[in-house]
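Both of the next two complexes hold subunit A, though its partner changes from subunit B to subunit C.
Then we have the complex of A and B:
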C-alpha cells in the first residue's frame, strides 16, 4: 500500500433501491478482496442501481482503476446501472482518459447521485 | 500544512494527462511508427472479445532487490527484456506518464508471422508500477500493469492485463490462431528475463479469470482500425520507399 495513506475500507448500505458502497483510503492492489466482498454484499439482493461513493478515497493507482473496471464489467453483465459520487476533479479526468466515464454517470456527491436516480 | 496533500499531489503526477488522440513524439531509431498517431484510446470496456484478467507473477527469492529497484530496472530495460518478435520502443524520454511506447511485433497465423506496428500510452507510472493503455486498432483493448510488491519479505514481479480482443479478427486470432499462447509466452519471457537479471531462476505463476464472457458485437466495427491489416496493407508502400531510398 502507498505510504502515508489510510488502508482501504468498503462498507455497504441501502437507500431507496440503491446499494451504496462507501469507499475510503487508498485503492490499489491491496483493495481487491475488500472491494469484491463489498460488491458481493451489495448485489446479494440485487439493487436497482449501484452507487460507488469515492468521497473518502485518498488515492487510486492504476491497479485500483483496474479493480473498478472489473466491478463495472460485472455490473454491466448483470444489467445493473453503476453510478459514482465524490470523485475529485483529478479522478474525474482519470475516469475519462481510461474511458470508465463512458459507462457510468459521475455525480459530485451522494445527494446529487441519489436525486438523479 | 501537512505532508499528505503534497504526497498526494506527487502521486497524482503518476497519471498521464487526458488526451483525445495519441501523438508520437521522438521515436527511437528503428521503430516503425504506424497505427498510433491520431488514434483514440480504448479500454477494457470498449473492445469486442471476452474480457480477461490475466496475472503473471514471479517470486525473486533470494534477490537483494527492493520493489523500487525492480521497477526502476524494468522501466530502464523494457526493450531488452522483450522477445525478438515483440519489440518495445519507449520514447527517448523513457517510461513516463503520457509518453507513447511503440511496438513492432510479429503475430502468429501464417508462415513467418504477420507484422504489426502499434503502440500504447504510458497511462500511469510511479516507483512501484507502470501501466499502459491501448489505442484503437491494437490487438487488445485494455490495460497492462507491470509492478512489483513485497510478499513476506520477498519481492514479487507481476504483469497483470485486463483486456479483451479489440475486434472479431483479433478474437479469432487469440482463440484459434495461437495469439493467446504467444501472449503468454511473451510475458513469461519478460518475467524470467527480469528474474535472471537478479540471479533467480523460478517458475512464472499464471492466473486467468474471465471477467466477462460475452462478445460485444456492437464493437465489431473496431476492425476498421485493425493494426495488423493496416500494417500488412502498408507493406508495399514501405517496400517501395526502401527501394527508392526514401525514409
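Then we have the complex of A and C:
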C-alpha cells in the first residue's frame, strides 16, 4: 500500500427498507471481491433500495469505476434502485462525466439519502 | 534401327504439361547393339497438322503413307525417318520416337510393330514422369530464387530506412513502413542539417523486388548528397533527376516528395516529383499540398515547383505512398483520395494518425487482405504545447519534480501524491488539482500496465514542469515503438446492457480531466503529457 492509503473495506447495514453498503479506503481492482460479497450480502434478502456510502473512500480509479458499473448493472437487472452518498465534489464530477450519475441518485450524505427515500 | 525423340513446341501452354516445351524435352535415344543413332532435330510448330495426326494415332505411323502439307513431315522424311511411334500419356502427346529404315533394309514386321507398340506404351508414362519431375524441379528452383530475391529486397529496404525518428521539441514525428509480399520500392528518409532544419523524404520506385530496392538505394544516396549542397527542395529534386536519368533502367522512375522543415518557425518548404500529394490539416480544414513536377528519372532538364506553408500548433501533415489510396476492398473498390481526405478530417487530436489510417484501411480492406503494394506513412504533427518535460534545459521552464516509480500494482498513487505535493504549490485551484491527480494516476496505471507490463524493475518516469502559464506532467514508460490503441469511447448504456466491458475508462478520464493531452512515441519510450493551464 502506498503511504496514506487504507485498504478497501465494505460493510452492510440495514435501516428501514434500505441496505446501506459502507465503503472505505481505496477502490481499485483490489476491491472487487469484498465489494461483490457486500453486494451479495445486501441483496440476500432484497431491500427496497441499495445505498452506496462513499464518505470514507479515499480514492477511486478507473478500475474502481468499472466495479461500480458492474454493481449498477446487477442492481438494474434486479430492478433495485441504487443511490449514493458521501461522494466528494471531484468524484461527483467523475460520476457525471461517466454518466453513472444518470443511473444513480447522488446525495451529499447518508441522512439526506435516507430522508429522500 | 534408328531411334530418337523429336522436339516440338506445344500450342496450348496452359494445361499441366505446359512445360513440354522445346527446351524441356529431353532427347532420348534408345540404342540397341548394331543400330545407328542419328539425332534428328526437328521443331514441329504447334499448327503443324502432323501434331494432330500423331496425337490421334494409337499406333506407329509410317511416313510413306501420310499425305499432308506438313513442313515437319518433310524435314523428318529428309532426315531418313520412316516410322514415327507417338508417345501418348493420358491422352497427351508427350514425345515421339523416330525410326529410320531397318539396317537389313527389310520392312518392319508385325512383331517389330508389336514391340514398338509395347515400347511406346511403357516409355510414354516414364517420359511423362521424367518431364513432370524436371518441371517441378525448375518450379521449385524458381520459387526459391524468387523468395531469395524478396529477402534481399526486404533487407535492402529495411537496412536503408531510418532507424530513428527525429526528436523535435514541439513536434511529434511518426513513420510507418510495411512492405507488400512482393516488396515495392517505397522509402522514406530524414536529413538533419546543422541549423536545426529537417529534410523529410517520401518516395516510391516503380517496379518491385531487387531492381526497385537497388534504385531506391541509389535515389536515397543521391538525395542525401544533393541535400547536403543545395538549399531548396526544388533544386534537390532537379539535381537528383539529372543524375537518375543517366543511370536508371528503362521504364523505371521514382516519385518523390521532398520537404524541408524549420522547426523553429514551422516553415515547411516542399517540392514534388510526381508523388501522391501530402495532406495538411489546419484549424481551417484539410488541404492537399500541391506542387508540380515530373517523377525522377524520366526526362532530363526538368524543373520542380517549390511551395511553402507555415505550420501552426495543432497542424498535422500526412506524407504517404500510393499503397494506401490504391488498396482495394473485397468488392474491388479502391480506397482512393476522397477517403484519404475524409480520414484526415475525421481523426481526432487524441488519435495517433498512423494508427487511425491503418484502422480505417483495415476496415475498408477487411480481414485477410493481401497487401497489394508497400504502405508507407510519415506524419508530422505540431504539438499545441511543446513536450516540455523532455526538454528541461529550456529557460522558460522550471522542473518541479522528477522521479521514477516501479511498475507495481497500486504505485500510481505514489506518482499521484508526489505530483500533487508539488502541484499544490502552484496556482492550480483545489478542484483542478483533484482532476490532475486522477489524470496522473490513470496515466501512470496505463504506463505500468501497457508500457511496462507490470515489470517491477522497469520504472515509469514522471516529470513535473512549470512555465509562466502551464503546468506539464510527462509520464514515460518503456513501451516504445508501438502505437497504443486508442480505447473506444466508453458508453455507459452499452456497458450496463452488457454490450461493452465495464472497464475501459482510463483514457476517457484522462482526456476529461486535463486541458490538453499530448502523446508521443519513439523506438524505446511512450510518453503522455498532461497539461493544466495555470
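Everything below uses one rule, namely that the second predicted complex is superposed on the first by the 114 of 117 C-alpha atoms of A that agree within 3 Å, B and C clash if a C-alpha of one lies under 4 Å from a C-alpha of the other, contacts with A are read in each partner's own complex, and residues count from 1 in each chain.
As a convention for this text, a contact is a pair of C-beta atoms (placed from the backbone, for glycine too) under 8 Å apart; a residue touches a chain by one contact, two chains touch by 3 or more.
Values in this document were obtained by computation on a predicted structure and should not be read as measured data.
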Subunit B versus subunit C as contact partner of A:40, first or second or both or neither: neither
Contacts of A:78 with subunit B and subunit C, given as first, second, both or neither: neither
Which superposed partner A:66 touches (first subunit B, second subunit C, both, neither): both
First, second, both or neither for A:96, with subunit B first and subunit C second: first
Touching partner for A:116 - first (subunit B), second (subunit C), both, neither: neither
Intersection of the subunit A residues that touch subunit B with those that touch subunit C: 2, 4-5, 29, 59, 61-63, 65-66, 69-70, 72-73, 76, 90, 93-94, 97-100, 102-103
Touching residues on subunit A, where the partner in the complex is subunit B: 2, 4-5, 29, 58-59, 61-63, 65-66, 69-70, 72-74, 76-77, 90, 93-94, 96-100, 102-103
Touching residues on subunit C, where the partner in the complex is subunit A: 409-414, 417, 431, 434-435, 438, 441-442, 445, 490, 492, 495-496, 498, 501-506, 508-509, 512
Subunit A to subunit C touching residues, read off their complex: 1-5, 26, 28-30, 59, 61-63, 65-67, 69-70, 72-73, 76, 88-90, 93-94, 97-100, 102-103
Subunit B residues touching subunit A - in the complex, by the definition given at the top: 3-4, 7-8, 11-12, 14-19, 41-46, 51, 53, 123-124, 126, 128-131, 133, 143, 145, 147, 149, 160, 162, 211-212, 214
